Structure formats: structure tokens, C-alpha cells
Amino acid sequence: MRCVKMKGSEASGKRRHISLLSLLSLVMLAGLSAALAWAFLTPGPDPLGLAHRVDAALAESGVESRVTAVLLNYRAYDTLLECFVLFLGVAIVWSLQPSRPVRQEPRVDPVLSSLVRLLVPLMVLVGGYLLWAGSSQAGGAFQAGAILGAAGVLLILTSSRLLSTMPKGLLAWGICLGLFFFLAVAVGAVALGGNFLEYRRSSATMIIIALEVVAAFSIGLSLAVFFGGSRPEEPSERTAAGRPPHGEGEEP
Amino acid sequence: MTSFYVGVALVLLLTIIIGLLRVLWGPTAADRMMAAQLFSTCGVAILLLLARGFGQLIIEDVALVFALLGALAIVAFVRRAWKTDGPKPDKGA
Amino acid sequence: MSVSPTFVYGLTGLFLFVVGLGGLISCPQLLRKILAVNIMVSGVFLFLVTIGYGHGVIIDPVPHAMVLTGIVVSVSGTAVALALACRVHETFNMSDLLKRRTRSNDR
Amino acid sequence: MVVSAFDIILCLTLVWLAWHVLTSQDLFKAVVLFISFGLLMALSWVRLQAPDVALAEAAIGSGLTGALFLSALRRMTSHRRGERRLDCDEVREDEGQ
């Protein structure tokens, strides 16, 4: 591939070495793709899939949408662990980036600010619609969370101080809220004599809707925080604003 | 009627492919980004056509999300990747 | 004349996976490695949904649910990887695994 | 038949885009191509009758991931040598070959 090539004359010896390496990897990749294609095209035993079993249990799941039923009832473990992954990701991103003073951003264009003022309420509206529609058709917590996260990203883009002025504890609790609520539901089910994450038929609809709302909120907040990158500043650190960004000036 | 709608969608897909050439050749970063925005608009049209063609009105929701989220990339570009000190060509200038 | 969509999209998923793997191995720039992983992940998703599509009669919702979870997880992974790459860039002033040595030779 | 042509062209474009994302020398170009890639992925989800996945991909694949990459690109190229433009850095250094 072209992007492994290097500039400069001293790199020519290395280039030969790399081209040999890339040739080897090309051969291996060709072999891998041939093997995968062979495995895919060889007719195996016809898999029945799980569609019939999902349909058979749909009446007990509490929702009409099959995907939502799988996500929040049959395989709610997935969604629980996903909330955990989001929490972990935010923790890693915050610990990797030292809180940096906000650089001087270019002035916000009036066109841009009015666009954002128009778009953000629309996004929240569509997110709510998808959340509400999720129990009967396509849509649900993930899609609503993604759109809410996009609205948050728009807000961060137009005012870069937004994240740093928000109280950090509140932000952290908002991100953990989905995970904690999920765990509470799961443990509550055990306390009531059921299995982990098992809902009663009578209350399944309410539980799923509550889980969806909370999960959408947490997912949206986490996605916006991912985009914000660095951890919000502590009030004590804010006095140090104005120092050069980390890493600048260390160039040899 | 399905093949008519999908045929029109196919034509729009071909326009996207032509627009991709602008992304590949485009001399400035703004050219590339604007071409990507064009795909977003074109994608909305293709989704609406497919919604009619396959008879699944739920696809119109996808088109709605497309139309809303298309602005996100361009705003990110304007705020994070575009210096406002005049439209310099970014390559070979 | 009609080709089964399972065939077309399944093969595309496989090729996307392989192309992404190749890019992951051979591209030295960190950002492009992250792009390559994203392409690999898209290939896997495409393959999963294609399996769920079957012959288009009964759509299996379980792969859809798995892919939905996977999309959000892959965004988290991408954000973490980008934060790591930015951190590497700021600490070692290097965004490219190969250019580091030549750059220090230049100076 | 038209549907098959749509499938085949969409899939070929996807693979072609993936190839160019990984081989184009300009990182900014690669990111823009990746945004378009996410958009076409959403079209293929619609074609495979997975509207749930298409909704998520439309929001995340082309919007959020693109914004994340653009932001990271800015951070990884901005303060390297004074105030150089975003994609000059990678282009100038690669174009020597």
C-alpha cells in the first residue's frame, strides 16, 4: 500500500524491507479472504435463525418491536454491559486527557449560532420521537441517545466552554445513571424472587420504557462527553488557565 | 413500480459516485467537505425513494435523521478544521 | 438476472474486513489505523446483518440487536483510541509510527 | 434486476471507498471519505431491511464519528510547526516520493 512508503533517501533501504513485509502481508490477506469466501460460499446446514423463537415470545416481552424486545428483554445483558462500556470509555478518555485550558476559538458566526439554535430543539424532538416509537417500530434507546449526543456535540462545537463550566459531579452522575439504573432493575428482579434481569410480564412494558429513557439519556451524555475529549476542569485548576497546551514546546 | 423507484435511486447513487471524484481530486479541504455534504442531501433523496420502492415507510425516519445529522459534520469541519483567515488552497499553492 | 443480496453484501463484508485488516497492518499513521479498525468493524456488521437477512423472507432481529450494541461500543472504542492517539502525539510529538525516527534525524 | 444493479454498485463503491480511505495520502481526505463510507453503509442497512441499524448508523456512523475524527485530526496536526494548515502537514511530507 502506498501509505507505507517513506520519503527521503535514507529510507530507501527501509522501503525495500517494508515492501517485502507488505508483500508478505498481502499474500496472507489474500489467503485469508479466500478462506473466508470459501467458508461463506460453501453451503452448510441451513441455519434456522432465531426469528421464530423471537416471534413466539414477543407477546410476553412487553413491547411490539422485535429488536427492542431482543435488546431490552431477551438479551438485556448486552445493553447492561454496553452501558458499562460507555462508562469505562468516559473514564479512560477523562483520565487520558489532562484538563486543558480552552483555546481561543474563532468567533461564532451568527449563521452558525442561529443554525444550532434551530437544530438542537429539532434534534431533541426527533430523539424523543424515536424513543417513543421504539416500542412498536424501529427506533429506541440507542438511536435516541445517538441523536441526543449529536445535539450535545453541536452545543459543544459552538461554545467550547460548555463542558468545562458544567459541574463535573453532575456530569459523572448523569453518565453513570444508565448503568446504575440497569443494575438496580437487575438486582431488584433478584430481590423479588426472579432471575437476574427478569421482568414480570405485568410490569415489563413500564420497566422497558423507563430503562430506555434512562439509557438514552446516558448514552447521549456519554457520546457528547467523548467528543468533548478532555475532562472538565476542576475549579482549582481553572486558575492555571493560560499556560500553553500540554506538549507544546517539547519539540526537539 | 419498485424497479422504477430503485432505478431513480440508482441514478442518484451514480451521482454520489461522481461526487466522490471531487472528494478525491478536490484541491481544497472545503471542496471535499462540500462534496460530502452533497452526499448527505443525495442520501436523503435515495432513502425516500427506497422507502417508496420497498414499501417500508419506516425508512422515512432514517431520511429524517440523515437530514438532521448531515449538518453535524459540516459544523465540526467549520469549527474544528477550518481556519477562518481566508480561503487559501491547501495543497500545492 | 438477479443476484442474491446475501451473496453480494456478505462478500462485501468479508472484503471490507480484509481490506481493513490490511490497512491496520500496513499503515503507520495512528489515525489511519483507527480508520482501518472502523472499516473492519463495518465489515463484520455487514456480514452479521446479511446473515440475519437470510433470503429476505423472515428477518432475524437478533443480529440487528447485536449490531446496534456493536455500533455504540465501536464509537466508544474509537473515542478511546483517538484520545490515546492524541495523547501519544502530544507526549512524543509523533502521529506516525515510522516517521518518528526520520524526523529526529532531520533535526 | 435494477435492485441487483443497485446492490452491486453500492457494494463496489463501499469496497472502493474503503480502499481509498486506507491508501489516500491526505489524512483529511481519508476522514471525509470515511464519512461518505458511513453514509453508504446506512444505505446498505436500509437495503438489508434493518431500519434500526440504519437509524443508528445515520446518526453515529456519518455524524458523530466524523466529528470525532475531524476534531482529533485538528488536535494531532495543529500545533506541530506553528500555524500550518490542517492537511498540509501530511501532504507535504508524503508528496516527496
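Each chain gets a letter, A, B, C and D, in the order it is written, and its residues are counted from 1.
Keep this in mind: a contact is a pair of C-beta atoms (placed from the backbone, for glycine too) under 8 Å apart; a residue touches a chain by one contact, two chains touch by 3 or more.
Small disclaimer: the values here were computed from a predicted structure and weren't measured.
Novice: If you average the CA coordinates per chain, which chain's centre is most distant from that of chain D?
Specialist: Farthest from chain D by mean C-alpha position: A.
Novice: Pick the pair with more C-beta contacts: A-D or B-D?
Specialist: Output for the comparison: B-D.
Novice: Cα centroid separation between chain A and chain D, in whole Å?
Specialist: Comparing mean C-alpha positions, chain D is 18 Å from chain A.
Novice: Just the number, please: Cα centre separation of chain B and chain D in whole Å.
Specialist: Centre-to-centre distance between chain B and chain D: 12 Å.
Novice: Between chain A and chain B, what is the gap in Å from one C-alpha centre to the other?
Specialist: Centre separation, chain A to chain B: 23 Å.
Novice: Can you list the chain B residues in contact with two or more other chains?
Specialist: As it turns out, chain B has residues touching two or more other chains at 58, 61, 65, 69, 72, 75-76, 80, 83.
Novice: Two or more other chains touching the same residue: where does that happen in chain C?
Specialist: Residues 11, 15, 22-23, 27, 29, 32, 52, 59, 64-65, 68, 71-72, 75, 79, 86, 89-90, 93, 99.
Novice: At which residue positions does chain A touch at least two other chains?
Specialist: Where chain A meets two or more other chains at a single residue, that happens at 1, 3, 6-8, 67, 130, 138-139, 142-143, 146-147, 150, 153, 157, 223, 226-227, 229, 245, 251.
Novice: Throw together a list of every chain pair that touches.
Specialist: Here the touching pairs of chains are A-B, A-C, A-D, B-D, C-D.
Novice: Spell out the residues on chain B that touch chain D in their complex, using ranges where they run on.
Specialist: Interface residues on chain B, with respect to chain D: 2-3, 6-7, 9-10, 13-14, 16-17, 20, 23-24, 29, 32-33, 35-36, 39-40, 43, 46-47, 50, 54, 56, 58-59, 61-62, 65-66, 69-70, 72-73, 75-77, 80-83, 88, 90-91.
Novice: Help me check something: in the complex, which residues belonging to chain B touch chain A?
Specialist: Listed in rising order, the residues are 58, 61, 64-65, 68-69, 71-72, 75-76, 78-80, 83-84.
Novice: Can you list the chain A residues touching chain D in their complex?
Specialist: Answer in residue numbers: 1-3, 5-8, 67, 130, 138-140, 142-143, 146-147, 149-150, 153, 157, 223, 226-227, 229, 245, 248, 251.
Novice: Applying the document's contact rule, which stretches of chain D touch chain C when the two form their complex?
Specialist: 1, 3-4, 7-8, 11, 14-15, 18-19, 21-23, 27, 30-31, 34, 37-38, 41, 44-45, 47-50, 52-53, 56-57, 60-61, 64-65, 68-69, 72-73, 75-77, 80, 90, 93
Novice: Within the complex, which stretch of chain D touches chain B?
Specialist: Counting only chain D, the residues touching chain B are 1-3, 5-6, 9-10, 13, 17, 20, 24, 26, 28-29, 32-33, 35-36, 39-40, 42-43, 46-47, 49, 51, 54-55, 58-59, 62-64, 66-67, 70-71, 73-74, 83, 85-88, 91.
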